[in-house]
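Take this structure, written in structure tokens, and hold onto it; I'll ask about it next.
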Amino acid sequence: MQVKEYKPLIVAFCCNWCSYAGADLAGNNRLNYPADVKIIRVPCSCRVNPMFVLRAFQRGADGVILCGCHPGDCHYTSGNYYTRRRMALLFSMLDYLGIERERTRVEWVSAAEGAKFAATMNDFAEKVAALGENKRLEDLRCKK
Amino acid sequence: MQKITRDVLVEKAVSLLENGSVSCVLGWKKGEFDYDITPAVFESKEELVSDFIFDDFCGANFSKYLVQKTRKVEGKILVFLKPCDTYSFNQLLTEHRFDREKVYAVGIPCEGMVDIGKIKAITGDGISSIVCGDTIKVNTIYDESFDINAKDVLLERCINCKSKKHVAYDELIGEEGEVIESNRFDEVARLEAMTPDERFAFWQNELSKCIRCNACRDVCPACTCEKCVFNNPKSGVENKAPANEFEEKMFHIIRAFHVAGRCTDCGECSRVCPQNIPLHLLNRKFIKDIDSFYGEYQAGAEVGSRAPLVNYTTEDIEPCDVFERGND
Amino acid sequence: MLKCSIDALNGVFAKIAADATLYLPTDKDGSTVYAEWSEGVELSNALNTAKSPKDFFFPQVEDLMKFKVEGKSISVDDIRSESEDFVVFGVRACDVRSFDILDRVFLVEPYDSYYASRREHGVIISMACSKPAETCFCRTFGIDCTNPGGDIAVWKTEDSVYWNANTEKGEKLLSKLGLEECSDDAVNAQKEKTEKIMSKLPLAGLTTDGFGGGKTLDLFNRPEWKSLSESCLGCGTCTFVCPTCQCYDVKDFNTGNAIIRYRCWDSCMYSDFTKMAHGNNRNSQVERFRQRFMHKLVYYPENNEGIFGCVGCGRCLAKCPISMNIVKVMKTIGGNAE
Amino acid sequence: MQRIGVFVCWCGSNIAGTVDVVAVAEALKKEPGVVFSANYQYMCSQAGQDLIKQAVKEHNLTGIVVCSCSPRMHEATFRKTAAAAGLNPYMVEIANIREQCSWVHKEMPIGTEKAIILGKAAIAKVNLNVPLTPGESPVTKRALVIGGGIAGIQTALDIADAGFEVDIVEKKPTIGGKMAQLDKTFPTLDCAACILTPKMVDVAQNEKIRIFSYSEVTEVKGFVGNFDVKIKKKARYVKEELCTGCGACTEKCPMKKVPNDFNLNMDTKRAIYIPFAQAVPKVATIDPDYCNMLKNGKCGVCSKVCTAGAIDYTQKDEFIEEKYGAIVVATGFNPISMDKFDEFAYNQSKDVITSLEFERLTNAAGPTAGKLLRPSDGKHPEKIVFVQCVGSRCDACNEKGKEYCSKICCMYTAKHAMLTRDKYPDTDVTVFYIDVRTPGKNFDEFYRRAVEEYGVHYIKGMVGKVSPEGDKLMVQASDLLDNKQLKIEADLVVLAAAIEPDKSARPLATMLTASMDTNDFFTEAHPKLRPVESPTAGVFLSGACQGPKDIPETVAQAGAAASKVIGLLAKDKLTGNPCVAHSNELMCNGCSSCERVCPYGAITYEDKEFRMPDRTTQIRRIAVVNPAVCQGCGCCTVACPSGAMDLKGFASEQIMAEVDAICK
Amino acid sequence: MSNSKKYLREEIIRISGVNPKKCMRCGKCSATCPAYDEMEYHPHQFVYMVENGNIEPLLESESLYRCLTCFACVERCPRSVEPAKLVEAVRLAAVRKQGNNRMTANDVPELIDDETPQQLIVSAFRKYTK
């Protein structure tokens, strides 16, 4: 059997109103990004519980990215402001535990920013790929 | 070492009990040895006189007990609160966890509590008696005796005491203290200054000791959830054991996150950890980050204050910028 | 009786480790833990380890099996891993007794093959105590800490280590170690000295009077349970440091590709212990607290010829966050029973 | 266990071009719970939808996964299809294999693999879906308008015109607001009173409209469609229903030295007064701070002269409780205080005035009966200096002023300058400006006329200092274009003071749980797409309470707010979004974390008695989500430490199942 | 803008702590300035010229020594630009150049008379000398 080329698995949580629409726009414009990026739709970035982020890593994700409306543009007025605080603290804590910073990211992508969505995913996937497999937050039981 | 004596507290408790102001007293009860003090509910003068104790081993924070006790006890509960305990007390009030009307809080001064682990590290096993004081006198069954400077064996949280000020009480015994400039974040800063690999190795080693006994959670005055997510099979994170390295990290990250902005840094988690994991360094990391990202915030300093994670400003730091700031 | 000098001990360890994995108490980050021996790992001088050695036979987490569901078929994988030979060195008398207590649970029907297999593959080298701590009360349960059981018993003095095989398994191992014969004078002298200290221990006078089989009705409804349990946090510290607590839960973990069925220690202090479809047996902390001590002091002896479910190692005395423990229970409940 | 049907759409070649749809359908058929799988060229077509409906019936499906285009495109379509087939519409999940798969990946194997994973995630989610039913709540067919200025008046009239009852709450004794104080309006120069007062009369005469003047909202409870509002009618010591507005009392009242706030205290009124002739309601009001009868029981003149017997010195504040379906905030604005701007000598000289005071000085009903006279000595000013941007466009660190542009000042200053030159051609008028901002229909033309036809001097530069010298004012200013410092002698200086939201807005916002920006302007639900709605459902915004506005804009927004209210009140029942938060009361700590992050005020607390497993009872504080108010963002679910709070349709278990499926 | 101009501008901005970009060109500083007529370049011009890196003429200009540092412009500026601090920074840049001291100790005796407060001379000495 051929050795599989290492491809990072990336989970992207996208808010329904901006980022998910931004991802759709990237599709409309046929802007490529790696297929390793898998999107989960949430109503607002503030729906993303830190437990989901850790769960993704546990289950084998190599990178987790949250996308939401730009600060000030939240469909629910303030959701992404809370996301910003929560994830700033969570990511800082993960870094403190020695987990690679580049594995986590928050990016604000509006519904009009299809190009930014694609560029962000390309960049993120590249950075995560450079880190290699997620070893520091893995659950060996979940490895194939 | 404590400036206030046990007798003063007993006298206060007895008088409040006897005049009917309170129906019971939350206090420290003497143990088998001179150091194994148990939190207890005293209901009579006799119990207080014979068993109530207050000395350098009375580290236990009673605030959390109020959540359950106020629901069960008729009448008011007298609770003695050291300065650091008052922060937990206020934080619980902020979160509506108990009825303030059911508590009579007496603030008592604290000169710092000592760590029996540190004493044993000096004396070894076989302690037969300990006499508290600025110099702690320890005798062992091996006919050895030790004079230990109390300042050298303080609990970690007392070395880095953040406040001698009581932020809540109905009555204060002794003088009003001050908030103290502590060096409590030095150790966090030391870890931050390490390379990621070193930090990973440090935490991997520490957290691998965890036996998931839940003592940290169960003693924590911020962890008063009716049902903890780690006990709830539907939460997706429930477990009874640190099944592997991931579960160890998961438990401690999520626990620290859940108390972030609510943790008063009372240090009980590290005090009770049977494996001596420096758990306070996780909570302090959040406190340090909160202070530097969102402005200084002391949970429990005021009742009703808005915790940083249920608050925001439009100018908050972006998650991608936290690393630059964290390493300053 | 055989002996080697302290200096030669590392060489002996190397010999043991040549055929089986050797574990011994060592000092790490300020506490004493069992670790796998390799060159440079030093035997601790501490009285005992923070966690008991029951992990070797009854690990905190143990995978039992793995199964996959595909379509309508289920395939089960054997993922057992308890067939490795190992030796545990330095087990104190109290902890040695704990294995007897566990045996009476796991080695009767329904026979626990995981535990049995580990027992079979493990050799226990015990070590006599010479410097007991104030928290020790093994004597209360008739344990002689100067004369520990196990497959091989060891006495360590200032300059030498004395070895004596108690079982065939021990004999076999000991014969391979090339130790010299010696008299037991030094050992007897140490025993005598330790005996004296034992009688000076603060808990020396603690007895099991008032406890044991048949005492259920006397003790169950004692009012003191309430005040004793009042400050109990319901954490699992006592359970998890206890050498004799043997309760476990069996759980399934869905890895996404398969289900791993594993067991892990449980604690009767937990609110969801033995939770069943109808709810819980014990709904308050008083009940849960009482269960733990009634089990060790009444139910277990009742079912096991009077053997108590506690060995007096003192770990729970040292580790309970609120310093409530079996000694305080025995003194409160038992004392009044007299 | 669900019985799930998977429907893979080709979308012509849009999906089928890079995704092997047959392989996807085959692969997904093996997933747990899937009992049927199909592929079709266009699932959204009638034939495609029929295929789904048929499969639901034939295979007794309980859940549907459609692998197709974005849910933003056709989720609603397939939900309707499901409903038509007798399934709960919320048992449908979409796997987006077009926008987020076939369109962004080029190679068939990669696209196919990803499509299968996205399908699995959708299946994992649908496995945990439960039927959801949107909550319904009745609608009280009455609206409340808070504020009786032009914004409130227009909103009320439009709502009433549609046949719904409206109440206006106005804190002053009369409606009319700021516009009633104006003289002429830019850019057409029609008389404010001429266009406003007929509307005020319309309001008074409209049987659908009630006016609570001299009243305030003191408590708001409830939610969209069902607000319970408490209104305080302040005692005016005059029986409204009896007073005929004849004015006899206001002429006879011996207390003459009461500052007249309607004229910005530039003259006086009596202790019993009617603010102005066209006031609505035209009812007298006694100022208790000045009335001798109320203060020390001596006088009673008004009572004696009132033939209608309307005077009632014993009147008390009255509280009215009323139910409303919608609330419109129209609390308006005020000029900021000039106290901090010492450099303009506002507090030192009576001849330094604000533009609103200038309005009163030129208004025929004003203190000078419309003659432009200096407040200090009543002389005709020969030289007038207007200063723009006083307190507007300040830096955030500047504590004196506001960061924003007050928007209306450029135009009303041009108006004042023009009118002055028109009426008093001998008067010299200079305007100091930083920028002249005239983006509005006929605005720049208007400003140019002021300069070109009326000879108003516009000087680019700010006034640095105004100092009274004798009976003149020395104005020291920059002329930036000439690079000179000017010192001009003036008779009157008019300051275009910044405007700010009325002070009553902040406490009102708290009552309404409507959010505000840092300047205390109400925040709109969406800055572009929902400009007249507050984020709090059922609360609408009209006029300057949302941001600085001129009259046409205010009226336009008032109409827009009215149409939103009419749209709401026209419904008999409100159907909510069923994807709302709900709290598990057994796990809730009552800690208020969720309430604090909820942008809609959807969460309240109640004390509930619980029977504990140990057979004791406990009373605990628990959170209750009002599904009619919740918009389903899910912020509370993360704020909740115990996990008691979850979001229907996006439950934690569902999202984690998706994560698991993706990472498998 | 040349590099040297850029460098000088950065230097002035750094010393003054002023962000000239905040200026909205209202001219209130110059409107306020009591020394306006004495100055070749006026406060608002200082802000504008520093922002554009056109600092050389300012360094050469007598205006530097005409500013009274009364801070009226700082007080009145609605944008918190603080022009006087910029003037001060440019003045510092000027006097720090070799041989550019505006005042030496030798000048002091000449200036002493009954009407000038000594404090004024001291502060002038401080201000005009490296």
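Observations on the model:
Should a chain be cited, it is by its letter among A, B, C, D and E, assigned in written order, with residues numbered from 1 in that chain.
The definition used in the following text is that a residue touches a chain if its C-beta (ideal position, glycine included) is under 8 Å from a C-beta of that chain, and two chains touch if they have at least 3 such contacts.
Given the structure is predicted, the values throughout are model-derived calculations rather than measurements.
Taking the definition of touch as given, a chain qualifies here only if it contacts chain D and chain E alike; none does.
Listed here as common contacts of chain B and chain E: D.
In this assembly, E is the chain whose CA centroid lies farthest from the centroid of chain A.
Chain centres here are means of the Cα atoms, and by that rule the chain farthest away from chain B is E. The interface with the greater count of contacting C-beta pairs, when C-D is set against A-B, is A-B. Centroids of chain A and chain D (each the mean of its C-alpha atoms) stand 35 Å apart.
Averaged Cα coordinates give chain C a centre that lies 82 Å from the centre of chain E. Computed from the mean C-alpha positions, the centre of chain B lies at a distance of 30 Å from the centre of chain C. Chain D has its Cα centroid 46 Å from the Cα centroid of chain B. Along chain C, residues 253, 256-257 each make contact with two or more other chains. Among the residues of chain D, those in touch with two or more other chains are 597, 639, 652, 656, 660, 663-664. Residue numbers of chain A whose C-beta contacts span two or more other chains: 50-51, 55, 59-60, 78, 82, 86, 139, 141-142. Working note: touching chain pairs come out as A-B, A-C, A-D, B-C, B-D, C-D, D-E.
Those residues of chain D lying in contact with chain A across their complex are 70-73, 96, 98-101, 103-106, 110-111, 113-114, 117-118, 121, 515, 523, 525-527, 535, 579, 597, 599, 631-635, 637-639, 647, 650, 652, 655-656, 658-660, 662-664. The part of chain D that touches chain C in the complex is made up of residues 30, 32, 612-615, 660-661, 663-664. Contact residues of chain D toward chain B in the complex are 586-593, 596-597, 605, 616, 618-621, 639, 641-644, 652-653, 656.
Residues 9, 11, 16, 20-21, 23-28, 30-33, 35, 38-44, 46-52, 55-56, 59-61, 73, 75-79, 82, 86, 118, 142 of chain A touch chain D in their complex. Chain B meets chain A in the complex at residues 188, 191-192, 196-204, 229, 235-237, 243-244, 246-247, 249-250, 253-254, 256-257, 260, 282, 285-286, 289-290, 293-294, 308-314, 316-320, 322-323, 326.
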